[in-house]
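One chain, subunit A, links the two complexes that follow: it is found with subunit B in the first and with subunit C in the second.
So, the complex of A and B:
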């Protein structure tokens, strides 16, 4: 087990380096840089621009250094835990990430829990009761969930909340609780804001989870070991959960790794629509204004989350699936 | 209270009524939109525009004098104006802005038009409240330029506070910046005492200000709300001598510019706003929900004169294309081949009015024939004009052939991020011009690339919005060659700056003539004299027809809650006249 984890961690370090390098290269691809974006933003606002300003900005931010040199400086900082300095916000990226990461983990963690808690039981139900009325209802809802883009769902939800209830969804807190100490009032205010992103984020992922669980379980249900266990007289629900469901979970578990970053990146659009104080909007701003350090910093955090997620799924699989144990040993 | 006010405070006449004190104004702020705050809170310069955008009124200045050839201005400041920390606002602050920032080549900020060549301006402090500005070249527009929003750059820096980050006053300024994890003093200075534009200026609550409200909770990237509170030393009073502002606080709900901003406004959670929540497409929905939300809409007349201008690059490097573009008949024919009604109906839901690159009907420079010449759709005439230009031969697909036998096709680059309507317009133009045998190749690229190609003169055709509909004198670059945004002849602009510069091309006589007239205008101290010269410039632009327009930009609107008072039913909207700044937010009040 220890050796297995060690090997995984070594591979992770290399993957991490590769991810940062590729991310940096891709961010470099669009024409222009932070200085030109800044200048065209200012002139779009209507202000007159001093052409020398581009050069002054470029020189101060060292944007004129060669690509590899800038990457080396940045990556050196990342290794020391310093994500650099956001040019767009004149703030250390660490500070920006530190302020949005807890919100992000809270929203995405709860979304994940919500997804699993709802989708897996429904998936099991629709596999066991295949072609029943309940299975059809679950499938239809599932397909609608897959088909409707989550930003559209968010927009519809916002419009319904506004036009029917006079409520504007958005953000994570009300003004009176900004910066206030935790209290029951602040907690219930947070809860009142949280349900919308969880519902929207959950709905999209839930549908595919239902389908995957259902399909996996259907594969297992006809296997001889199920018949054997049933012949031995195990109660039906206990049998289900102990053997075929456990097997059907393997593909789901192995996808935890990429679920975390995909939640964050797919949630970017939803976070913009719902005005969430999470990492997604920071990433988008960073990319739009070509603030390499901000965008790069968020991508580093996402890379780390992916790697941690992959490690978790590897470890859980190791524990869950004897076949993995055998091949790893 | 007398201690907090200057001896001669600026008296503001409320738009409708004397207000009562108190209350919070709720607004929605798009993250990163420093310009919104500049317009609402930050418009405090030495002079300010009146509500009608006609008169230049003394604001922080009390008066000024100018010599006959407009090279020496003497300013007197209001005595006893105080910064929000209670310290006096004096000529030392103005001299600091000039000498240590605007004239210091290391400083990162922008140099506005009144100090475009920093070495040409010298400032001489007479006493605490009087100073002289000496200009190397006459500038009759100096007060005008100070009255525009860029004028606020001069009255923004509290010397006592900001100089502690400046190496002239603090030998450790660089070391302090490095200790704070920054490159050098310039970065720390930007963090603490940023210039007028951008959002950084609002991030530092410690910085003393002259504005009606001070930052309490900054509008950072991560804040969900930003809060501004009353400045007890604000230098303005109403007509009954009550110190302004009436409102205690401004509360901004921060947003990523998502639909939540619009829904907030429709739900009555925004008290007054004219920015980021008011696209033309949402107006019917706002009207539908006005009663429910308890608000009404007021008009804003944009300074912009055109939804899209079309410029053929008369200095394009392809010599055959250049010869074609430089013929007025070609440009006229393309205008006649343009079915503006189809564009208005398809892209602008029928809202619009045929308009060339010309001042708006609300402007004193409006000239109907300039605005509407060649706007009729006449494909037959266009085709015969193009035939007469020697472009009568066509290829198998019906496109005209140039004199070198190549197909007459024109490349245009645009972007779809800020102005998706331009892409739609160009697709329609492509189909319309095909009927005249001219091929238009539309490429959607990044905005930066469009800018770069225009500055490097790599474009064949350029499209942009229409500045200068009301601010004709301040933004004449679509009526003449006045900046690198005059995309019909960018190298001509470079030639005016320096006729030996690489990429500079000598312009034709009429373009030079316009420039001479404008130089003369700049040296004319009276508005009447300036206007007469501007009209001559516009006459030449009518004859030369450099820039073709599509449709007049429609009126915008602001959302106003019914219990918010003193917002006029209509005001101009521009950047140089930074709406709603000149209305004076400080005289807005809210009843229960």
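So, the complex of A and C:
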């Protein structure tokens, strides 16, 4: 087990380096840099800008150095735990990320739990009762969930909440509790804000999760080992959970890795609509103004989350599937 | 007086499909008594498996019992009258009562133990589960002890180890033993065995059959044994029920069925199996090989052929392992001779066949082929492509006619493809050639417009053969050409191949695991075991007086389709 995890961690280190390099290259793709964006911003506001000042700006931030050199400097910082300095916010990136990361993990973690807790039972039900009324209802809801864009769902939710209940959705905390010490009031206030992003974020992912669970399980249900278990006289639900459902979970578990970062990036628009203090909007700002260090910093965090997710799924698979265990030994 | 355990009356099991209803079981009746083995024998599609599954109500969707009775007789201790009679056909398939029948009265073992056991649970875990369903109050530790004890009774060498292992870590025979242990864990009165030895090697089959026989007599089990193999029936049955198209056409004692078969289908089934017990009548027309040995040179000379596979593992290719699939194999094939290569799975026979036709590159040794112009060609290391005459002269017949034909091509395109590639005929000429080939293999020329799915297994194998002979080959390698076919079709297919041999001057390298095919079809035989040749000689010499221990064991393991020929177990 320990050897298996160590091997995985070594592979992860390589992957991490590759991910940062590719992320850096992609951020370099659009023409111009932070300085040109700044110039166009200022001139759009009607002011004149001194070309010498632009040059000074470039020099100050090493924007003229060759690509590989800039990457080396930046990656060296990342390895030391320093994500650089955000030009747009005039703040260290570490500080920006640190302020948003707990919120992000809270919202996305709960969304993930919510998704799995609701979608997997529904998926199991609609596979076992294939073509029943319940299966059709679940499928229809699933397709609607896939088809409706998340931001639209968020807007609808806000409108319904406001017009019917007079509640203004948005943010994670009311004004009065910001910066306040933890109390029951603060906790219930947080819960009152949390449900909306969890529901919106969960809806889209949940729909596909239902479909995947259903399809995986349908593949397993007619396998001979299920017939064997039935021939033993196991009660139907117990045999379903012990045998085919366990096998059908393997592909889902393997997807945990890329689910974590995709939740963050797909939730960006929703987070903006709902005014959420999470990493998504931060990434968007960084990319819009070509603030390399900010965008890069958020991407590094997402890369780390991906790797942690992959490690989790590897460990769970190790436990779930003895074939992995035996071949790793 | 043996007690009646199960009485099936006028059972009908149907599979309603979109357009039709498949009447898999169409009104069958039979009885099963304590301590006897009832063999249900039939070819594919006869409904024998659906009948077995109906008894436990474990039919695949959308199968359903629509009529009839399955009367299970329960007895208390040694009473002669049943304490209860339960009609299984009336129970709901997920009902509590049905679960109780499965937990204590009837168990089942299946054909493929690899897929019939869960790969995510250890063997011990799966056996313990059955024990605890029977004895809900037993402590888990005691149940584990009992599971190990059961595995010991299955004659596994290290039962405690096997209990802790997963099915994919065991050999096929060990898996089937674990399966039987699991079935018997519930202390049933009735054991249903659905083709339990079909997926096993013949020597393993003999061991499993002997084990089942021993368990039947020591436990007084009633066994319903489903099989397509007439030899197995002759070996183990007390009574026989012959099924055809969902009906039992004949039932009776073993001897009466074999000695005085009444129904034409029974006669046909027995005759097909027994026909393979002696050389084909068509073989008499082939010139005896010995008489020509002096002045005829072999068409293929295989010398010290080796094929090694490299198994890689790990990120950096460390833990390098080699598998010697074929190891120093030598034999000759004379013109118009049929050389049989016989061996069990893993013996390297198929790998060797693939080396000859160029699907694998040999790693060592040589294969000298004498071509049409009497020149010697080294096959080893030669890449066959483009218009290489070898591609036309050395051809292959494959095992599974369902996967060997491209479903998106018509039969005409399939058979015509090698001719087009060889550029020997085009257009109308090609079409005429394909028509000629189809009639050669006993199909009608107008069938060339159809797609493979419109044909039965036997017809598809004829198409495969037509494709093999399309380019006027001289040497044909047939890899298990009859194993996917029903017994009644095997002799037909072999006769067709012999007829073609007489007409077209072919030589065959015939790969098989089935001794009866060798006896029927071949002149000489090469016995392979774990990549090596253990014995070669004429078919008569090797089959009647084997000299090597492995050959002796192999031949003794084959169940003969004649009850009087059975060696006592």
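Note that in this section the second predicted complex is superposed on the first by the 319 of 329 C-alpha atoms of A that agree within 3 Å, B and C clash if a C-alpha of one lies under 4 Å from a C-alpha of the other, contacts with A are read in each partner's own complex, and residues count from 1 in each chain.
One rule holds in what follows: a contact is a pair of C-beta atoms (placed from the backbone, for glycine too) under 8 Å apart; a residue touches a chain by one contact, two chains touch by 3 or more.
What you see is a predicted model; the values in this text were computed from it and never measured.
Participant: Could you classify subunit B and subunit C on subunit A, in the superposed arrangement, as clash or fit?
Facilitator: Overlaying the two structures gives subunit B and subunit C room side by side.
Participant: Under the stated touch criterion, which partner chain does A:172 make contact with: subunit B (first), subunit C (second), both, or neither?
Facilitator: The first partner, subunit B, only.
Participant: On the chain A superposition, what angle, as a multiple of 10 degrees, is formed at subunit A by the C-alpha centres of subunit B and subunit C?
Facilitator: The C-alpha centres give an angle of about 150 degrees at subunit A.
Participant: In the superposed arrangement, which partner chain does A:247 touch: subunit B (first), subunit C (second), both, or neither?
Facilitator: It touches subunit C, and subunit B stays clear.
Participant: Which of the two partners, first being subunit B and second being subunit C, lies in contact with A:222: first, second, both, or neither?
Facilitator: second
Participant: Between subunit B and subunit C, which one contacts more residues of subunit A in the superposed model?
Facilitator: With both complexes superposed on chain A, more residues of subunit A are touched by B.
Participant: Go through the superposed model and pick first if A:30 touches only subunit B, second if only subunit C, both, or neither.
Facilitator: A:30: touches subunit B, not subunit C.
Participant: Minimum CA distance, subunit B versus subunit C, superposed model, integer angstrom?
Facilitator: Minimum over all C-alpha pairs of subunit B and subunit C: 42 Å.
Participant: Overlap the subunit B and subunit C contact sets on subunit A and report the shared residues.
Facilitator: Comparing the two interfaces on subunit A, one with subunit B and one with subunit C, no residues are shared.
Participant: Provide the residue numbers of subunit A that touch subunit B in the complex, in ascending order.
Facilitator: Touch list, subunit A to subunit B: 30-32, 36-37, 40, 42, 44-50, 53, 56-57, 60-62, 85-86, 88-92, 96, 99-100, 155, 158-159, 162, 166-173, 175, 178-179, 271-275, 277, 281-282, 284-285.
Participant: What residues on subunit A touch subunit C, complex-wise?
Facilitator: Interface residues on subunit A, with respect to subunit C: 7, 11, 222-225, 227-236, 242-243, 246-247, 320-323, 326.
Participant: In their shared complex, at which residues does subunit C touch subunit A?
Facilitator: Residues 53, 56, 58, 60-61, 94, 98-104, 107-108, 110, 112, 115-122, 129-130, 133, 166, 168-169, 179, 182, 186, 315.
Participant: If you look only at subunit B, which of its residues touch subunit A in the complex?
Facilitator: Those residues of subunit B that touch subunit A are 31-32, 35, 108, 110-113, 116, 149-150, 181-184, 186-187, 190-191, 197-198, 200, 203, 217, 220-225, 251, 253-260, 263-264, 266-267, 269, 292, 418, 446-449, 451-452, 467, 574-576.
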